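Which chain is which? They are A, B, C, D and E, in the order written, and residues in each are numbered from 1.
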Amino acid sequence: MRFLKGLLIPFVVLAIWYTGSKSGIWNSFILPSPVQTFETGQYLITSGILLKHVLISLYRVFAGFALAFLLAFPLGIILGMKRQLIDYFELIIEFVRHVPPLATVPMLILWFGIGEISKLVVIVLASFFPIFLNTLDGVLRCDEHLLEVGESFGFAARDRFKYIIFPATFPYILMGMRLGLGYSWRALIGAEIIAATAGIGYMILDAELLSRPDIMIVGILTIGILGTLIDFVFFRITNVFVIWKEGEKTQNGWG
Amino acid sequence: QKSSKTSDNNPATDKSSKLSAINITYVKSPLNVPSIVEKQKGIVEKEFAKEGLQINYPEITSGAKQTEALAAGSVDICNAVGGTSCILAASNGVDLKIISMYSRAPKAFMIITKSPNIKTIADLKGKKVAGPKGTVLHQMLLTALVKNNIKPEDVEHVAMEQPAAVAALINGSVDAVLAAGGSAEQAIKAGGRVLINGEGLVDGASVVAVSGKFLKEHPDFVKRFKQVHLASLQFIKDNPEEAYKMGAEQLGITVDEVKRMYSWYDFDPTIKPSDIQELKNTQDFLINTKMQTKTINIEDLIAEVK
Amino acid sequence: MAGVRITGLSKRYVIGKEAFFALEKMNLFIEDGSFTAIVGKSGCGKTTLLRLLCGLEEKTSGDIKFINRGSESNGSDEMRIGIMFQEPRLMPWLTIRENIAFSLFPKQKEIKKDADRHLQTLGLELFKDAYPWQISGGMAQRTALGRALYYDPDIILMDEPFGALDYFTRKKLQNEMVSLFLNQKKTFVFVTHDIEEAVYLSEKVIVLEAGRIVQELPVELPYPRKTNSPEFLNITEGIYKAIIA
Amino acid sequence: MRFLKGLLIPFVVLAIWYTGSKSGIWNSFILPSPVQTFETGQYLITSGILLKHVLISLYRVFAGFALAFLLAFPLGIILGMKRQLIDYFELIIEFVRHVPPLATVPMLILWFGIGEISKLVVIVLASFFPIFLNTLDGVLRCDEHLLEVGESFGFAARDRFKYIIFPATFPYILMGMRLGLGYSWRALIGAEIIAATAGIGYMILDAELLSRPDIMIVGILTIGILGTLIDFVFFRITNVFVIWKEGEKTQNGWG
Amino acid sequence: MAGVRITGLSKRYVIGKEAFFALEKMNLFIEDGSFTAIVGKSGCGKTTLLRLLCGLEEKTSGDIKFINRGSESNGSDEMRIGIMFQEPRLMPWLTIRENIAFSLFPKQKEIKKDADRHLQTLGLELFKDAYPWQISGGMAQRTALGRALYYDPDIILMDEPFGALDYFTRKKLQNEMVSLFLNQKKTFVFVTHDIEEAVYLSEKVIVLEAGRIVQELPVELPYPRKTNSPEFLNITEGIYKAIIA
């Protein structure tokens, strides 16, 4: 039922798309009809082409995201727990946070070559900051009252982290991770601009080059649907952790 | 005055009087001096000042994006767009007409390597070559390989844009790059060596394209635009130093460099039979490499407004 | 087991532009294994004193020395100080049972039987798997008490531990407290509003007023005490007077 | 002092850059020396070229960000307060959240042309989600105990928002806004790919095309420094609002 | 001024897999302008009853009818019900004075003098510009009380309003409460642990046990009451017995 409600808007969009294409309101070259897109999609799926691209991109998204998480999460925790360190990192992190990763592609190639590393770096650059900033924010905003409980029991830093900060900050970390994973998907195009020969981002770029908007749209739909699905799975898993939060609050997808 | 007359008589060109703004893509690199002169000197503006026509120069460099914008109606004239992009777009249903040639410059397109072991095209076997896919450069590579009896599969073509490709060459990630203009200069300055250029392989043609609809509705405008373009070429001929200087400023290189490279370019707008043949070759290349699926009639693509 | 020697202890707070002393030049000796009650009006500095004792607040001046097996030290390295806060401060992600065992999470792989014993004593066994938002105010306070007890500290600081409890539960837990004190001879520092409770439980009642000790009253009655005995009423009366004065 | 600490890492980076360039460890065509970059920067500044680009990009960043905020903030609040609506929007928002804005450029051109609107849409797409998701998250996580106070006093929805949800959610909104503004800067390249003739993103793209890495680096530095500066100003202003939060917590830049 | 008629009211909660009734088939009539005290052991359902009364909790079954100027209604549209929660629940971003005036923020441009009067009565005038984290537990509770009073409700529900207060502050506020009741004839529903307090303040004491009313005791003594009068002690005694039974 919840799912059906969610399909309402996509359905309306599809209907508009269909009628618009049928009546030729918009240019069929740039926005091909749903029928044509569907046929192309069918072809790409049955021929296994889409799967090949998807698998490679999935790998990149997850590897890049995992890397970003491995960097951002500890850094967020450490800076949150040792606040005097923040001063040292603040400027440089703020700087990098604002720089468009696309602008750094030539430098990435110079330093990391044209292999997987450069591509992963682009994804890391995209997903690092939501994870890092939300984690740090969560730690900084962790309820002082609960932290004092740990302090009064003489908890060492790592125990304060493990038993108080982590569970208390978990919802923030989660939000950061969800945002970060979303940005990993979004960074696919930027990443696969770098000498890729496969991947959904490459497929879209290549389709643009070859003036195949139908393939582009299949690519966009694939990323959107796949990303949403994975986020849902991710959320279902994490939902389990958050049962303690006042019941109703975890009912909805963005909880 | 002539144009206003036709528009009075011909209902098809009725809208030409209503034209208020024209979008002409502005592509300055690799060395599009005519475009630079046209824009800097406001030659087109002057011609259409009487009608109060506003001329915009959106900078869309990528061929694919130019044809997209043309299809979307955001751009009226693609001034300097690669033949490949036009053929691909047209074969996928974009209503597009080539109204004249923009340039041919086989010498401007090069394969550059840093590796001392690569002395001839034959040495590329088993190597990595980076460069933009589905372009003149790509066509040049494949033509050269075929000419040297190397199977295209034996060379790994890494699809990337030119600046990125040059970075990859410098970094040693690839063995050779396909480059033109500034990127080629960059590669050479960084220790690269020109293996071959496009001479005898490709013409390296870029063209001027408009949408079929626009052509039908404003044939007059197209005609006059072509004349203006000829005037710009004439201006360059008459004032080469000034033109080179403008080019150097806009491209961020020295006047000498402009001068040297300018000699590689043929900006004659006339569509010659050889140009048509070249476009056909390009289509063959696209079909052979499976980038294009539907063959089109090249002649239909050309609409010379005389 | 440990004692505390407080000398010239002051704590200054700033609110807006005004500064004031929540504690001022306090001298107090808390004997090893004694039961001290602290009473005083709301805002007189009771909580502040407890927070200073367990190191959660920086002192402005003065000295706090801990006496452990005869030797004095600044830190509390070798002994445990446990505090029960004025608010329950339960971890919302843990069940009641887990909250009670919380203090030793870093040291114990499993929750010991002690936790169940405390659940029993505190009348929480039926709610051991509930989460903090599912229990009543008094239950939350009892959980916090259980947590402090499970920690098994040498010095146990309690900030109005029975404030949210009804008469009977309170009575029952007061007696538990007395037997705990008699059996284990821990050092208790107990903040309360209830003067009768202070006299019922402690060996010494400290009366605070505006950050200063205005009275130190030893209660030399044997346990268990009778709240309606004349001596008891006598002492209680004395304290009421001390506070009013 | 705090600021000096922050300069430590940038200074080390600069030193490495300088010595590396001096000793030719890396290729000066892709990473020009600091001296050359500095000279180019000087030229771009004194000639007024940089300023022109900066002003245009500033306008785009702020207009795009403002638009994103005007969409994301109310939507986050409304969905947070009327949770039954979430079901309708969840799928479509999740979908869009994962789609790379770069992939949609052809469609943006089709619908919005090649003028400012398309560029702003790219920026909106980039900064919408952190603002939206953090706001929504804040509202959903707003302390039920405080909300009940408003409910018990019969507050209407708008008063509950104004007097409880907004102040309580403010730190979240802030985090979302800071992330969102950061992503606005990052989206400049993507935005100014669309037929721009000025702007820092355009300057970088143009420099790449003309093989002028020194200009590219000046552009990157400009975005990074400007973005950081504006974030600081933004933060200083907002800091004022958050005095109530337990003292020390607002001391540091990411608080 | 308003009364409440409660009939067959039940509230069922689920913890883990077990369900139970926090209130079970309760019948109660709260008269217009009366002062009702509710006592009972921790966890017996006092807070649950108040929450149901002011509509913060959905009832499982039964009926709550409000009687306003003679007519009965389900909602509380025409009258104000104010609740003082068991925890202070202050807005951390507001000062004490602002917290007190909070309830009428949507209706008043400026904070009325009333706020200052309440600050005075509650002994908080020196702390009116402090933020919640700068005040003591008892002060926070008094602030919450001030907030409930400022709202000036027809029915005022209080959940252990003096639980965190010392004897003297408590006494003083009890008397304030009595004079408020006598002067304004509001309807008071007052949850407390302190049976003496219940008898001192209320016209009727309700004894709850495990979600059921086990006793309804009218207190027919004139105000101000004397806590050591035989009648007073008699009634108190009766309630203790009722709870133990």
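Details
We adopt the following convention: contacts are C-beta pairs under 8 Å (C-beta built on N, C-alpha and C of every residue); 3 or more make two chains touch, one makes a residue touch a chain.
Note that the coordinates shown come from a computational prediction; the quantities given were computed from them, not determined experimentally.
With contact taken as defined at the outset, chain B and chain D are each touched by A. The minimum number of touch steps linking chain C to chain D comes to 2.
Across the assembly, the chain pair joined by the most C-beta contact pairs is A-D.
Our note on geometry: chain A versus chain C, Cα centroid distance of 49 Å, whole angstroms. Spacing of chain B relative to chain E, judged by their CA centroids, is 83 angstrom.
Chain C and chain E have CA centres that are 28 Å apart. Residue positions of chain E with contacts to 2 or more other chains are 87. Shared contact sites, meaning residues of chain D that touch two or more other chains, fall at 27, 30, 106, 109-110, 208, 245-246. Within chain B, contacts with two or more other chains are made by residues 65, 68, 71-72, 163, 167, 170-171. Chain pairs that touch one another, listed by label: A-B, A-C, A-D, B-D, C-E, D-E.
Those residues of chain C that touch chain E in the shared complex are 13, 15-16, 39-43, 46-47, 86-87, 123, 127, 129-130, 134-139, 142, 159-160, 163-170, 193-195, 240, 243-244.
Residues 64-65, 67-68, 71-73, 85, 88-89, 91-94, 130, 133-134, 158-161, 163-164, 167-168, 170-174, 291-292 of chain B are the ones touching chain A in the complex. By the touch rule above, chain A contacts chain C in their complex via residues 145-146, 148-149, 151-156, 159, 162-164, 167-168, 170, 244-247. Interface residues of chain A, counted against chain D in their complex, comprise 2-3, 5-10, 13, 26-27, 30-31, 79, 83, 86-92, 94-104, 106-107, 109-111, 129-130, 133-134, 136-137, 140-141, 144, 171, 175, 178-179, 182, 185-190, 201, 204, 208, 213, 216, 219-220, 223-228, 231-232, 245-246, 249, 251-255. Across the complex, chain B meets chain D through its residues 23, 26, 29, 57-61, 65, 68-69, 71-72, 74-75, 163, 166-167, 170-171, 182-183, 185-186, 189-190, 251-253.
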